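Next come the structures, one after another.
Both of the next two complexes hold chain A, though its partner changes from chain B to chain C.
Entry: the complex of A and B
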C-alpha cells in the first residue's frame, strides 16, 4: 500500500493548513490552481511559484516528501517543455546547439509552462497531503458533483488498495516461482495472465459487493456523515483566494490591451 | 495519458471539459438504455475501475526500461459504454492520489483515453460478430485504441503550438541526401505531420505491448470466466 501513501502526513503533522475547513481549502486551492494553470505572464507565474513554496512552509510538509510526490509528473512537464523548446522554427535565435536552433520566443514559452505547471502541481500536492480523502469526497458532494460519479469514485478508491495488495501478492508468488522479466512472448503471456486474473477477481468481487450492500440497505443514495460548516472567516479566506486568483491575470490583460478601454 | 496542469492553452482545456461533460451525459444515457437500472452497475463498474487502475500502475518490464499500459481498449471491452465514466473517475483518482494529470486538464485527459475506450467497445462488438478468434479481436481493439489516443494527442499538441519547428530546420540540412530529402520535404510542408510523426514514434512500443497483452488476456478470460464476455456472444469452443 506504500505507493499510495498520500495520507501519510495527515496525522503526523499539525499546521494551520491541516486545521483549515476542508471546503474552504479545496475551493481556495482549486481557484488558485485553475488560475495559475492558465496564467500568461511569466512574472505572475513566478509569483505563483513562490506562493506555492510558501504553502509548503505553512503546511509544514517536508521538502523531501513534496519532491518525491511531484517527481514523475515533473518529468512529464520537462519533456513537454523540451518539445516546446524545439517548436516555433522562426524568430530571433537565442542558442544554436549543433543542428538545433532555439528561438527566444520558444524559450520564453517553455519557461512559462515549466513555472506555471510546477506551481500548479505543488499547490495540488499541498492540498491533497493535508486533506483526508473522505473530506474531499464530502466537498465534491457539497459542490454538487453528480451522485452516480461520486459513488464510483468512493468505491474505486476503496478497492484500489485491495487490488494493489492482491497484485503485489501475485507478483511476489510469480517471482518466487522463478519469473524473471525478459523480452519474450512468454513474459508477456505470464503478465497478461496475471492481469487477466486480477480482472476476473474484480468481476467476482463486484457481484459480492453489490449483494452485501443491498443486504445493508443500499438504495443508490449516499449518506455522508462527516460535517463541515463554513464560518465567516472561511468565507473571507475564500474571497481573498479568488481575488488573488483573478488578480494574477491583470498584467497579461493590460498587455493585450483588453483593459485599456476601461481604465 | 497524463498531461499536467498548466501546459495546454486555455481554450483547449475549456473545449476538453465541454466535450467530456457531453460524453459523460451521453455514455450514462447509453448505458441506462442497455441495462435499465444503473444503481446495480455502480459496485461492479467501480470495482472494475479499481482493477484497471491497479493494472495500469503495473510496470511492464521491457528491458532496458519499463512501460505503463493504458488499457483503454480493454476498459472498453470490459465496461461497455460505462468505460468513459470509469476512465474519467480513474483519472480523477490518479490526480488526487498520485498527482498524475491534473484538474484543469481532466477534460482533455478523459477524451484522450475515454474516446478510444468507447471506440474499442464498438470495434470489439463488430469484430466478435465476424466470429474472429478472441485473441485477434482483442489485439486489434487495443491496437486501434492506442492509435486513436496517439492521433488525438497529436491533434492536441499541434493546436497547442508544439510543432517541432526546430527539427524542421534540422531536416533542412540533410536535404542533400536523395531519399531523405523527399521525406524531409513532405514532413516539413504538411502542417502538423511532423508533430504526428514524433508522437507516433514515441507510442509505437506502447501500441505493440498493448496489442500483445490483450491478445493473451482475452483468451484467458474467455477460458476462465466466460460470463465476463457474455454480451459479445463469442463463439464457444468445446
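Entry: the complex of A and C
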C-alpha cells in the first residue's frame, strides 16, 4: 500500500498540535497562510517563517520529514524567485552578470516571495501532517466549502492510493516480464502504454464508483455527518491566530501611511 | 430449461403472495451487438436465499446491474410488483442493495463511518437515525473497531465487511451480492457467510453470485444456472447431481460432494450425498450409529474401475474449467 506521506505522522506522534481541535487548527492555519501570502514587509514575512519553524518544533515533526514534503513546491518557488531576481528592472544595481542586472528591488522581491511561500508551505505541511485528512474535509464542509469541490478533494484522497497500487502492480508486472528501464525509445513507449492503461482504468473506475454511489441513492446532496465542536479555548486560539495574521500587516500599513490616515 | 421448477415458490411461502423480485423477459446486448442476456425470466420470493451461478461472462453482473436499474434494456424487473425502472433512486435503494465484487469501487468516503452513513443520509433520514443505523450495521458486521479508519488502510476482508455494513444500513428488502467471497481468506469467507445467513434469518431476501461451489449449499437454498439465459434452476443438490449440466456450464460439484460420490462407489451407502462439511459429519455419524460404531467400505468387481472413471471425469471437468 502506497503511503504518499499524506497519512504520515498522524498516528505516530503526539503533540499539542496533533491534539488541537481540527477546526481551530484549520481556521488558524488558513488565516496565517492567507495573511503570509499577501504580506508586503520582508521582516514580517521572516517573522512568519520563524513562526512556521516553531510550529514544526511544537508538532514534533522530524525536520527530514518536513524537508522531504516541501521539497517539490520549494523547487518550483525557487525557480520562480530566480526568474524574478534575474528580471532586473529599475533600481540600485547590486550585481551584473553579463547583460543581466540584479537590482536591490528585484532581490528583495525574490526574497519576499521565497520567504512567504516557504512559510505558507511549511504551515500547510504541519497542518496536513498533524490532522487526519477526513477531519480536514469535515472542517471544510463545516466552513461551507462548495460540495462539488469537497467531493473532488475526498475522491482524490481516497483514490490516489488505489491508483498508486494499480501503477505499482503494473510496474511489478513489467519487471516480472523482464522490463528494465533503459534510456531507449522502447522504454518511453512502454511507460506511455502503462500510463495510458492507467488512464483507461481510471475512467472505468470512475464509472464503477459512480454506479456504486447511485446504488446507494446518491443524488448530489451533501452526505457527511460532522461532530466537531469548538470550545472556549478553541475560539480564543483562533482569535489570537487571526490577530497575529492581521498584525503582521501593521508595518506595511504604517509605511504606506494608510494606518496613519485611519488613526 | 427446467421450466417446471423455474417459478416454483418455496414451501414456506403463502400461495397468494407475489414474488419480491420478478425478472420478465430480460434481453441485453453489449456494444457491437454481443448478446449478454437472452430472454431471462424468473421469480424470487421474500426471504429466499438464491444463488446465480455460471461461467465467467455468463451475464451475472449484467443481470444484477439491471436489478437496481443501473442498466436498462428490453424486459422488466419488478420489485414487489413495481417496475424498478419507474422508481426514483431513493425508492429503489430502499428495495435493493447491491454489493459489487470490487470493494474499492464502493468505499469512496473518507472513513468507514462516513461510508456506512452515506446511504442512510441519501434516504433523507435524521442525523440521529443515521447514526443509529450506522451503529446497528457496524455491530452486525463486527467492524466497530474500524469505524474511524480510512478505507485504503483496510484488508480486503475488512473492506468487504464495510461494504456489507454500508448496504445493510440502508435496510433494503433484497440484498444482491456479486461474488462476496472472492479472494477472501477462509476466516473472512466464514465471517461474510455468517453475516449473510443472519440477514436472511432476519427476513432479508438474498441473491448471490459465486464461483465458490464449496460454500454454495450454505449460501443458497435455490440455484439458478445462468449462461446468458437461465439454463436450470433447482437446489444445490439438484445442480451438483447433474454432471452434464456442470460440464456444459464450466461448473463443478463441491469437494465434499465429489468425495462422497467416490465413497459411494466403494460401498458407502447414503440416501443423499452431503454437500458441505457439516452435512458430511452428520451423515458419517448417522451411518456409524446405524452400524454399531463402524463404517463399512468394501470393494467389488467394478470398484476400481468406477473410482478411476469418477476421478477422470472430475479431472477432465477441472481441465476444461481451467
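A few points about this structure:
Everything that follows uses one rule, which is that the second predicted complex is superposed on the first by the 228 of 263 C-alpha atoms of A that agree within 3 Å, B and C clash if a C-alpha of one lies under 4 Å from a C-alpha of the other, contacts with A are read in each partner's own complex, and residues count from 1 in each chain.
Rule of thumb we're sticking to: a contact is a pair of C-beta atoms (placed from the backbone, for glycine too) under 8 Å apart; a residue touches a chain by one contact, two chains touch by 3 or more.
Keep in mind it's a predicted model, so treat the numbers as computed, not measured.
Of the two partner chains placed by the overlay, chain B and chain C both lie in contact with A:209. When the two structures are aligned on the shared chain, A:58 is found in touch with neither chain B nor chain C. Taking chain A as the reference, the larger set of touched residues comes from B, when chain B and chain C are compared. Of the two partner chains placed around the shared chain by superposition, chain B and chain C are both touched by A:133.
Of the two partner chains placed around the shared chain by superposition, chain B and chain C are both touched by A:155. By the touch criterion defined above, A:219 reaches both chain B and chain C.
Contacts of A:181 after superposition on the shared chain: chain B is touched, whereas chain C is not. In the superposition on chain A, A:199 makes contact with chain B only, not with chain C.
Of the two partner chains placed by superposition, A:108 touches none, neither chain B nor chain C.
Contacts of A:252 after superposition: neither chain B nor chain C is touched.
Note: residues 133, 154-155, 157-159, 162, 205, 209, 213, 218-219 of chain A belong to the chain B contact set and to the chain C contact set alike, using the contact criterion stated above.
Partner chain A is touched in their complex by these residues of chain C: 65, 68, 70, 89-90, 92-93, 97-98, 100, 102, 104-111, 113-114, 117-119, 121-123, 127, 130-131, 150-153, 166-167, 170. Taken together, the chain A residues at the contact with chain B in this complex read 3-4, 6, 30, 33-34, 36-38, 69-70, 72-73, 76-77, 80, 83-90, 99-103, 106, 109, 113, 116-121, 124-125, 128, 133, 136, 148-149, 151-160, 162-164, 166-167, 181-183, 185, 187-189, 191-193, 195-207, 209-210, 213, 218-220. Partner chain A is touched in their complex by these residues of chain B: 2-7, 9-10, 13, 24, 28, 38-40, 42-55, 57-58, 60-63, 74, 78, 85-86, 88-90, 92-93, 95-105, 157, 161-170, 173, 198, 209, 212-217, 220-221, 224-225, 227-228. Taken together, the chain A residues at the contact with chain C in this complex read 1, 7, 132-134, 137-138, 154-155, 157-159, 161-162, 205, 208-209, 211-219, 221-225.
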